[in-house]
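The same chain A turns up in both complexes below, where it pairs with chain B and then with chain C.
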Partner chain A sequence: MIVEAIVFYMFSTILLLSGIMVISARNPVHSVLFLILGFFNAAGLFVLLGAEFLAMILVIVYVGAVAVLFLFVVMMLNVDMSRMRDNLKKNMTVAAVVGFVLLGELVWIFSNWHFSEDAELNVQTPFSAEDAMDNTRALGEVMYTDYMLFFQMAGLVLLVAMIGAITLTLRHRPGVKRQKINEQVNRQVKDVLRVEQVESGSGIV
Partner chain B sequence: MAEFFDIYMLPVFEILGKILLIVLPLLGAMAYLTYAERKVMAAMQLRQGPNMVGPFGLLQPLADGLKLFGKETIIPSASNRAIFVLAPMLTFMLALISWAVIPFDVGMVLADVNVGILYLFAVSSLGVYGILMAGWASNSRYAFLGGLRSAAQMVSYEVSIGLVIVTVILVTGSLNLTEIVMAERTWWMHLLLFPMFIVFVISALAETNRAPFDLPEGESELVGGYNVEYSSMTFALFFLGEYMNMILMSAMTVILFLGGWKVPFGLEWEWLTMVPGLIWFVLKICAVLFIFLWSRATLPRYRYDQLMRLGWKIFLPLSLLWVLVVAGALIMNDALPMPAGVEG
Partner chain C sequence: MYSLADFYFHATAALPEIVLTVFGMIILLFGLVREDKSTPQVTLMTVSAFAVTALVIAAMPSEPFKGFMGSFIYDPFAQFMKLLVLMGGAACLAMTLSYNTQEKINRFEFPVLALFSTVGMMFIISANDLMLAYVGLELMSLPLYVLVSIRRDFLRSSEAGIKYFVLGALASGMILYGISLIYGFSGTINFTRLSETLALQDGVSITLSFGLIMLICGVAFKLSAVPFHMWTPDVYEGAPTSVTAFLAIAPKTAVFALLARILFDGFGDMTAQWQDVIWIIAAASMIVGAFAAIPQTSIKRLLAYSTIGHMGYALVGMTAASFDGVRSMIVYMALYMVMNIGVFAIVLMLRQNDRQTTDIDNLSGLGKTHPVVALMMTVLMFSMAGIPPLAGFFGKLFVFQAAVSAELYGLAVLGVLTSVVAAYYYLRIIKIMYFEEPIHVLDKPTRDLEVISGIATIFVVAFILFPQSLVNAAQAAATALVTI
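Up next, the complex of A and B:
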C-alpha cells in the first residue's frame, strides 16, 4: 500500500506540475511537450486504478496521435510569444467576459444534472463482481449494451467533424500535374513506341 | 527490517535481474544486426563486407561502438540544448521499454499484462517524438525536414498497423501477447491473416523508417535527415534505437502471425519439439529481420507522395476491409473466440 501511495503522489505531482508548465512555459513547443508528460502521468494514474485499457487508449490516442499533430503545427507556426502577450492584454476584458459566461453556463448545467436510474445502477456496479472480467471486456459489455446509442452518437459527431474539416480545407486547384497510377500501369508498348526501318538519306515523316 | 527486505527489496532485485537478462542480449543482438546487415548487403552486391577486425570481421560492431564512444559530442550552439540531448535518450528508452511485455516462451515474460498488444502499439506510436524533437531542437533545415517527414510517415502507417492488429485480435480474442500466441488457429485463419501479414511487414518497414521507406534520412536530398547534427554517443543512441525497433517489429510480427515460440508449421516431430521455445522465437525473428535487410539491398527508395499514397489510399482501405472480412468469416464459421462463461 505504501508503494502505491508513493507512486500515486508521484504521478499526481508531476501531472499537476506539468499542467502548470503547459500554460506558463515561454516556448510553445515546450508547452506541448509538458502536455505530453501530463498525459503520461494521467495514464499512470489509470494503471494504478486498475484501468489499464483506458491508460493504453489514452496514450495511443492522445499522445500517439493528437499531440503529434499539435507538435507538428506548433513547430511549424513559429509563434512569437511576446506579441501574443500584447494581444492578450488588449483582449483581456473580452476574454474574461467569455470565460465567466462559459463558467456560469457550466455551473448552471451541472447543478441541474442528474442520472437516470439505470445509469446510476451502472455507476454503482459497472459489472457484476462474480465473473471476473478484465476491464477491456467490462468496458465493452457496458458500452455496447446500455450506452449503445450514446456511443453511436459520439461516433456520428466525430464523423461530422471529420467531414467538416475535409470540406473546409479541400481545394480543387486546376493545372496541377498528378501521377495517374492506372494510366501508367496500363500503358502498352505498342501505344507509345513505333519501330521503323529508315533508309539512309531519307527521314521519317 | 527483514520484513521490509522481503516485501520490497527482493522483488526489485528480481525485476532488475530480469531486465538485465533482457537488455544485455538485446544490445548484443542489435550490435550483430548491424554486422549482419553489412554482410547480407555485401553478399547481395557481390562484395566482401567487413572482414578486417577479428575473424570474418566479427569484432567490427565492437570497433564501431568504441569509435563512436571516443568521438566528441557536439551540441550546436543554436540548438535547444535540453530537448536536443533529451531526444536520443527518449528514442533509446522507448525502444527498450517495449521489451517488457514480449513473451519469449511460455511464462518467459517480464510483465504479463492484459493489454500487452495495446502497450506495444502505444510505445511504438511514441517513437515519433524522439525524431520530431531531434529535428526541431537541432535548429537546422535538413534535420527539421527529416523530422517532419518521419513524423508524417509514422503516423500514417500506424493507422494500418492498428487495423492489422485488430484483425489478429479478432481471431485470437485476447489482448494478452501470450494468449495471442497460444490461441488455436485453423488453416483458413492462417490463410485469412496472410494478406495482413504482408501489410504488417511493409508497414513495419515504414514505421521503423527503413529502406525502401527511409525518406526521413534520404541522404540524396536531406544529407542525413533528423540526425545530421548529432555526433558521438547521441548519434549512437539514435542508431541503437533504430535497430532495436527493427528487432521489436520483427518480434511483433512473429508473435502476431508466425506463432511466437511454437514449432513452425505445427510440426510435432520429436527432434523439433525438443528445441526450447526461445530458440524458435529467436530464429523466427532472424527470418523476419532478413526481410528487412533484403528489402534494403534490393528496393529503391519510394518517393514521398508514393509513400503517402500507399499508406492512406491502399493499406488503410485494404486493412479496414479486411477487418470486416475476417469478422464475417469468423461469424460465418461460428469461430468467434468467446470468453469463458459467455454464450455465443
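Up next, the complex of A and C:
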C-alpha cells in the first residue's frame, strides 16, 4: 500500500511540475521535452489505476506522434515565443479572472460530488467482461462488435480530415520539373540523338 | 456482445446514413479520377445521392427503432428532421453550381465535403447517446471548417476558417467536459438510461446541472445563439457565399434536433433546470439579432444577425418545454430553411462586373433594373419579418402561441417586440431596392438561382393555403419526442 502511495505522489508531483515547466520554459524545445516527461508520468498514473491500455496509448500516440510533431513544428517554424508571451501578458488579467472563476466552480462541484443511486449498475452495463480479463482484451472484445458504429464513424472523421488537409494545402503548380520514371526509362536513342553530316565550311541550322 | 447477423439487423436503422456514406465514397473516387473539371457532374451526383437517401428515408417504416446498443434511434422525429436536412443540403449544393465556377472555387472536394458533413448531421439527429452526438458533431463540423476556408488564397476566407476552427474546438471541449460530468454522476451516456436514472433521483445534483449547462453552452455555440454567437458574422462574411448558405441552413436544423433530443429524451426530468438557461439564451438571441443587425452594411453580416435572431425564436418553442413548443419549433425550422434558401439564392445572384458584391447599397434601384429578383426579395424579406399572410408569420405565430400556453408571457412579449425591431432592417432593404436610384447595374442573374429562389418564394406565398399539412407532419415528428 505504502509503495503505491509513494509511486502515486512521485508521478503526480513530476506531472504537475513538468506541466508548469511546459508553459514557463524559455526555450520552446524545452517545453516540448517537458511535455513528453508529463506524458510519461500520466501514463504511470494510468498504470497505477490498472488501465494499462490507456497508458500504452498515451505513450505511443502522444509521445510517439503528437509530441514529435510538436518538436518538428517548433524547430522548423521558428516560433517567436517572446512575442507570444507578451501577448499572453496583455490578456493575463482576463484570463486569470476566468481561470479562478472556473476553478472556484470546480472546487464547489467536486466538494458536493455524489453518484446517482444507479451509477454502479449503469457502469456495468456496457461490459459483459469476464473476471480477470485484462483491459486491452476487454476493449478489443467490444470495440469491433458493440461499438462498431463509433469505430466506423471515427474512420469517417479521419477520412474527412485527410480530404480537408489535401484540399487546403495541395497546389498544382505548372512548370515544375518532376521525375517521371516511366518516361525516363523508355527514352530511346532516336528520340534524343540526331547524327548530322556536316559539310565543311557551313554550320548546322 | 452480438453476432454479425445482429449487426446487420441493427444496421438497418442506420440504412440512410450508410447509403449516403457509400455514395460519398463513390463520388469521391469519381472526382479523384476526373479531377476538378468534373465538379458540375460531382455536384449533380451529390444532389442525386441526397435525393436517393431521402427516398430511402421516406420508404422506411416509421415505428421507433433503436440500434447499436440503444445509441442510435430511428423514429418519426429523426425521419422528418433528416428529410429537412437533406432537402436543405441539396438546395444549397444546387445553388453552388454557377457561383463556384464564377468564383473559381469549383473544386470537386466541395460537394464531397458537404456530403460527409450531411452524414454527420444525420447521425446527430439520430443520436440517442452522448458519444454518438459528439462524434456526429465532429463529423459535421470538420468539413465545414475546411469549406469556410476553401478560398485559401483570400485572407478573409482563411481567417474565417481559423476563427471558426478554434472556437469550434473550444465548443467541443465544453461539450466533452459536460459529457464527462454527466457520465461521472450517472454512469451512463445513453439518453434512455439517463432519464430512467434521473426519474429515480430525488433532488437535483449540482454536478449534473453543471454538466448539462456545459453541454447546452457547447451546443448553443453550434447554433450561434447568444452569448456564443461572436463567430457568426465574421465567418458568414469571410466564407464564400455558397458556403455561408450551407452553413446557415443545414447544420442549424440538425443541431436543433440534437438539442431537443438531449433536453426532452435525456433530461426530461430536469425541465425546471434547463428551462431557465434556454429562456436566457432565447431572449438574448432575439435581442442581439434584432439590434445588432441595424448598423450592418454587408448583406451577409446582416443575414448572420438575422440567423441569430431566428435561432432565438425557434428556441422560444424549446423553452415552452411542451408538445406544442416542440411542434412549433419544428415548423419554425422548416420555414426558416425555405426562406433562407430563397434569400441566399438571391445573395448569390448579386454580382457586379463578374465579382460578388455584398454591400447593401448596391441593391439600390434593383426594383427598376431587375424587377423579378426585387419582387422575390421583397416577398422573402416580408416573410422573414413575419408579416401576414406569408409563411414567416405562421412560424412566429405558432412559436408565440406555444410560449403563451406555457405561461411564458415575458418571453412572448419580448419576441413580439424584437420582431418589430427586426422588421426595420428587413424593410430597409425593400426601401433601398425600390426608392433609391440605382448606383451600379448588377450583372444578369443566372437562370438556376432564379428558379430556386422562385420556388422558395412561391412556397412562402402559398403556405397560407396548406399550413395544416406541414403542421401535421411536425405533429407526427413531435409525438415521437414528447409524450403528450
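Operating definition for what follows: the second predicted complex is superposed on the first by the 136 of 205 C-alpha atoms of A that agree within 3 Å, B and C clash if a C-alpha of one lies under 4 Å from a C-alpha of the other, contacts with A are read in each partner's own complex, and residues count from 1 in each chain.
Assume contacts are C-beta pairs under 8 Å (C-beta built on N, C-alpha and C of every residue); 3 or more make two chains touch, one makes a residue touch a chain.
Note that the coordinates shown come from a computational prediction; the quantities given were computed from them, not determined experimentally.
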item	value
Between chain B and chain C, more extensive residue contact with chain A	C
Partner chain in contact with A:V7 - chain B first, chain C second, else both or neither	neither
Chain B versus chain C as contact partner of A:I36, first or second or both or neither	first
First (chain B), second (chain C), both or neither touched by A:E120	second
First (chain B), second (chain C), both or neither touched by A:D134	first
Which of chain B and chain C A:M56 touches, first, second, both or neither	first
First, second, both or neither for A:L168, with chain B first and chain C second	second
Contacting residues of chain B [partner chain A, same complex]	8, 80, 83, 113-115, 118-119, 121-122, 125-126, 128-129, 132-133, 136, 144, 148, 151-152, 155, 158, 162, 175, 305-306, 309, 339, 341
Contacting residues of chain C [partner chain A, same complex]	1-2, 7, 14, 21, 28, 68-69, 71-72, 107, 109, 112-113, 116-117, 119-120, 123, 131-132, 135-136, 138-139, 142-143, 145-146, 149-150, 152, 181, 184-188, 193, 196-198, 200-201, 205-208, 210
Complex contact set, residues of chain A against chain B	3, 27, 29-30, 33, 36, 52-53, 56-57, 59-60, 63-65, 68-69, 71-72, 75-76, 131, 133-137, 179, 181
Touching residues on chain A, where the partner in the complex is chain C	105, 108-109, 112-123, 125-126, 128, 141-142, 145-150, 153-154, 156-157, 159-161, 163-164, 166-168
